[in-house]
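Before anything else, here is the set of structures, which you'll find just below.
First chain A sits with chain B, and in the next complex the same chain sits with chain C.
Take a look at the complex of A and B:
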């Protein structure tokens, strides 16, 4: 009896403590939500719960930003922010450019066209020489002029200290023609110098500055860094001396929230206005949200299956083609990308500059064609639905990593339906690397960028010596086309040749292209002027962004 | 009062386990759908008459996957437990029989090392070296799970060696093998089996946890841990996906713990004396 009484008392105490915690939490969570309501933000019960959750995640200090309701402050929640302020440190320039602190000589617009940024114009003088005009009015934050000397010093510093900048700068030699004109010599003919100088790795910074603290860094962007906690938070204020159009929003807070669900809750609660890197599985939470909407832009990279051509079953081109015909890409987009991408059957198809390449080959899902090709190749369908040749089953072990497990399962299902005994091995990327080194792999998934200099990209993927030619593709016709592309100077002809190579490779199917990896950003309904861009990670902030007052 | 509870634990555990066993082993006949068949038009459906536990992101019936997944989880757990039990008994009997010898010292130090080594880390190392698969997962589990059986067996053997029956066997000239198999093994079996019923619950949880981390069975095979991992991505959108595997894990572990408790109360002489 005593035990029963003790147990009852314990339950009552626990219940009371629980209720008291709930009421505390509710009041904490309702404060910002209540303020927002009074400001006319109109949050329902769900929203206040989410605000509560976001506050619990340790963000309560900033919860009133949305209620300021003007253009004073924009909060961007990123999966990761810089660990350093020096643009030559790994990925730092990417974060600095993303948030409007750093600029390069050129930029790429949402349509994939290269546009001047700190440069005023560029012209190819001869096949190996370019001249770039600079903007005399442009200044670093310190007031120093961005002249030819400063630009050369910046680019040379990036070239020597940033390994990631090397691919874009190592074949270029810079010289001063006059104070505001830069001469660029290239090692190869007809290199696309403005494109090379549009990458975040080439942002212009004052090479004489130390870049080891807020006071010693010197960049050119419309926002200046005024507070920085590595891997936590970066606060930026308007650069009053900015050479270009001054942004409307006065202050930007860029903070690291590594957990995806917390980023989602942060933007849904109105605590932040932009949340980067949202997963496809979180999309449903935005479906009925009035607080935030989704910007899902296919990135300029293609989810691609790389086949190991050293494996006997993939030596026959008909087998590889059959694997491609057997895929229902529309369905893959739904199953693996929640519908937030577009089917692409050739590798260059995800590049906005080659939009016509999207479905140039394998126009539609055709399992009958796949079956026909496999029959022709001698792989006969066995009684249990698997194809055999010389007593051996047609097997394929697909190695996946990261967020590609669902894609792997969907592919497995589609290949199995045409008689391929497909197996998915999901694990760490190091397993794929080890397997590639040993040659013990059948297929793996990668998503390389398809935006950049056509020759560099296509050589890297399909030339015998290409660093991303994992499967050992070596096709005489492709090699010949690549050689022609290297010699071609005319832009239109280069474009045509690139498309030809792209189609040839898709036809030979050493790789199987699926769809561009979706790039999802959650944007508050109060934020206007946000631009969808295939390189969203470096185009989050722009001068035209405004925030609703209510 | 407590004595009356003992059969209740055992009986209720057996009843729950029996029901689960019928559902799981009868999955090929009871499951309404093919557990691996994808149906893109029926993705993430809520529980309904057609799909009592809803469907997952591939449109697969969660109930069918849960029932079939139980086979993977239970069979792999039982296989791992049997392997660990056999190794543990062998090592424990050997160490106990040759107590104080170099064999005993080496085996005991090996046990100390394994006890201090987190098996999750071992499982991850094995997965990193050899790849992820259910067999590698079981290898990692067995590699450390035998230790508790070995220690228990050794302690039982040491206790049994002080008994007159052991001395009598020695005096009568019984060989070491005969003493181990006819004198010591029967005495060790009961406590080890009781321990095994408790360990099976932990083992199921561990295998599910490792599969949850992606170290276990590979797609499209259903397995409770990996089903939970897959469902986690859709927790906000379709929380019902998690109900099936979570409920079955809970009930299975509960059933084994109840059975273990009941068996201990019935078979453990020390427990009886204490009560």
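Take a look at the complex of A and C:
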């Protein structure tokens, strides 16, 4: 018996010692578990050394930081970090840009205006041609010039390998005018090329480099990746050769902490200075906190209920309109977003450029009008408060996912009050995907971005071939308006047409718009210079961030 | 002994084969398309051309071999398994075996530490509870056991994390695995598993206390400590089995704790992969777990036979009778 106990204790001790060695290695970054594959596969000894040197520098900084408590290290806790280093892999460029490692030619500022980033300027030469001046002083991390050839190679690589870059690049053709001037030909007249080239999917990377290891990847940002453990941690050190304003904070640690409550506790404990994607249910924890504050900005996207128009109960437009009139959006914002958003009655309303669409068509909460429309459509109120037509109840099964459970329940409550037998099915997003494929769904919630080129956005949502036209909306008038928008070259006229399409769609109600999804970020009281942005997910780190030494 | 070992190994092989079938079928029966999850992400602009998306999805599906029949996919998986290749993650593009090997030590470290805590708590409080049966100590321990057993793991985890990280500032929240970060998740996991062990030790000890040898030892004037030592020794056999078997549940059950404490173990990796429908990873994880359970059960059988001579003798006697 003693032997067995001794043996067990020995095994436990050996495991602990073995694992602690392993974890120590990972934490110092000399040979992190996750980077072993990539660094080993794609790089020679030089690369490893380079990474090691950077890591050592980083660790030295970390030590100093503990002593001095100055601007050496910023820790950001995110729900998810990249699984790959290659900017053309899904969402990787978003994470890289968010943390200051990647840049595009242009960037949208907090006010919604497109500003030059890696580009110096842009000018429309004729209705289908733009010229973009590049910055001769700008360099990749490797020191290679960011000239016209390099930019074209990067954009072509994104176009061919990243499906999500397609909406922004498919109608553009790039040519070199001179070393630092890019000529862009557009398929349509007066396309907003700088806007298209501001999306994170278009970040400029060295197309000749291998983006599978920290030693070989080559981007342009103010921070360089010096350690990477996929889906765990990314450490970035200052890019000493950065062309623009150098950040004050020397080192950034971007950690994946998938549990929302743990991210909240991480900021409250003072361990991290920024925690991304905080849910509305956690807001109360920050009310009296001296350690951290909340940054809540409505995103340029609209929480939208997509209706399956193939279902018989939604064939009649009056039923769909009634469902929209029956909603008290202000109450929904309070119940489902803790008041951290604004009601929006049409889809484009969450886009800062279409502020007038916020309160269009469904100008107020009107349950009487909803009841009237349902009566007109033949859905009579039964004795138990449910509406019937031909002996069948008016049912609606709403599928929700992620953090939308509370929203689903609030909607269920409001629809039930006008006689709709509503039920909520909350689950994994894949359940919604599967239901859509089989056609066995009534309604689901999703929030697509409303910021960008109007035609691309509206076509994606409401054209019969649009990938987000889940309900099968096919309205001749809307299609005609979309065709006109595609032909329209004048900016003001395009804006007007977009609003017209938006209004037409709201009237036909294949979807019901609710409010922009709030983006909530917890920010340490010691961090200064954090900027609220309607696209916060790609604007967390900026060059003006500083940390209190206290 | 060798015959027993051979029989157990054969059983393990059959179990493993059946497990591959069940794992493969169950994963594919679950709703969700990994390719769509990989390509499409709500939040950015929807594609204006659905066909382009479908074409790309079809291309990726073919590239990953997901367009082939289930039988072909299964045989390809088994073919790779025989060569100890668990495949490549759809999401990260990395070798599953490398990812699991990289994360397994963190989970092993957490499980081993939790097991140690669980065993210490179980043996100590179980014995105390049995010695003080019916008294206030016993009642307090039993009440604590019920409270711990009925509280969800995430509640205990978040409570302890809030207490030690925020209130006391004694714990650092990060995504790294290390000895300095081990104690709190291990304590949580140990606390969750301890009540069952405490109850078992208590019950076994009380059973031993009622045996004649205890009464006769006491009547012969043996000290109370020595009698308890003898009783504990006899009560330990099923307890050791239970401790060993609970290692498997600790490894597989660490998913929630790893997620709360952001511990980069295999459980968190599996959870992320399940949400992404990353078939090769889920299959690889499930297979490794099944193999571990089989291995641990096999070890328990061997150790049991070694430390309990009755089992060994019974088998020998059985063999002689048969002859």
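Simple rule for what comes next: the second predicted complex is superposed on the first by the 481 of 550 C-alpha atoms of A that agree within 3 Å, B and C clash if a C-alpha of one lies under 4 Å from a C-alpha of the other, contacts with A are read in each partner's own complex, and residues count from 1 in each chain.
One rule holds in what follows: contacts are C-beta pairs under 8 Å (C-beta built on N, C-alpha and C of every residue); 3 or more make two chains touch, one makes a residue touch a chain.
As the structure is a computational prediction, the values presented were derived from the model and not from experiment.
Asks: May I ask you to decide whether A:430 touches chain B, chain C, both, or neither, giving the answer as first, second, both or neither?
Replies: It touches chain B and chain C both.
Asks: Per the contact definition in the header, classify A:282: touching chain B only (first), chain C only (second), both, or neither.
Replies: In the superposed model, A:282 contacts chain B only, not chain C.
Asks: Of the partners chain B and chain C, which touch A:548 in the superposed model: first, second, both, neither?
Replies: After superposition on chain A, A:548 lies in contact with neither partner.
Asks: So, does A:120 touch the first partner chain B, the second partner chain C, both, or neither?
Replies: A:120: touches no partner chain.
Asks: Touch check for A:131: first (chain B), second (chain C), both, or neither?
Replies: Neither: A:131 stays clear of chain B and chain C.
Asks: What's your read, chain B or chain C touching more residues of chain A?
Replies: Between chain B and chain C, C touches the greater number of residues in chain A.
Asks: Taking the superposition on A as described, I'd like to know which of chain B and chain C A:503 touches: first, second, both or neither.
Replies: Neither chain B nor chain C is touched by A:503.
Asks: Going by the contact rule set out at the top, does A:532 touch chain B (first), chain C (second), both, or neither?
Replies: A:532 sits against neither chain B nor chain C.
Asks: On the A-aligned overlay, A:413 touches which partner chain: chain B = first, chain C = second, or both, or neither?
Replies: Only chain B is touched by A:413; chain C is not.
Asks: Jot down the residues of chain A that show up as touching in both complexes, chain B in one and chain C in the other.
Replies: Looking at chain A, the two contact sets intersect at 261, 428, 430-431.
Asks: Which residues of chain B touch chain A in their complex?
Replies: 36, 38, 40, 43, 57-58, 127-128, 131-133, 214, 218-220, 230, 233-234, 236-237
Asks: Sort out for me which residues of chain A touch chain C in the complex.
Replies: 1, 4, 11-12, 15-16, 18-20, 22-24, 26-27, 33-34, 36-37, 75, 77, 83-84, 89-91, 163-164, 166-168, 199, 201, 229-233, 255-259, 261-262, 265-266, 268-272, 301, 428-431, 433-434, 437, 446-449, 452, 455-457, 459-461, 463, 465-469, 537
Asks: Given the complex with chain B, which residues does chain A contribute to the contact?
Replies: Touching chain B: residues 261, 279, 281-282, 284-285, 331, 334-335, 405-406, 408-410, 412-413, 423-428, 430-431 of chain A.
Asks: Can you tell me which positions in chain C touch chain A when the two form their complex?
Replies: Interface residues on chain C, with respect to chain A: 30-33, 36-53, 56, 91-95, 98, 102-103, 105-106, 108-109, 112-113, 115-116, 158, 161-162, 165-166, 169, 171-179, 182, 233, 236, 240, 259-262, 264, 268-269, 272, 275, 277, 303, 306-307.
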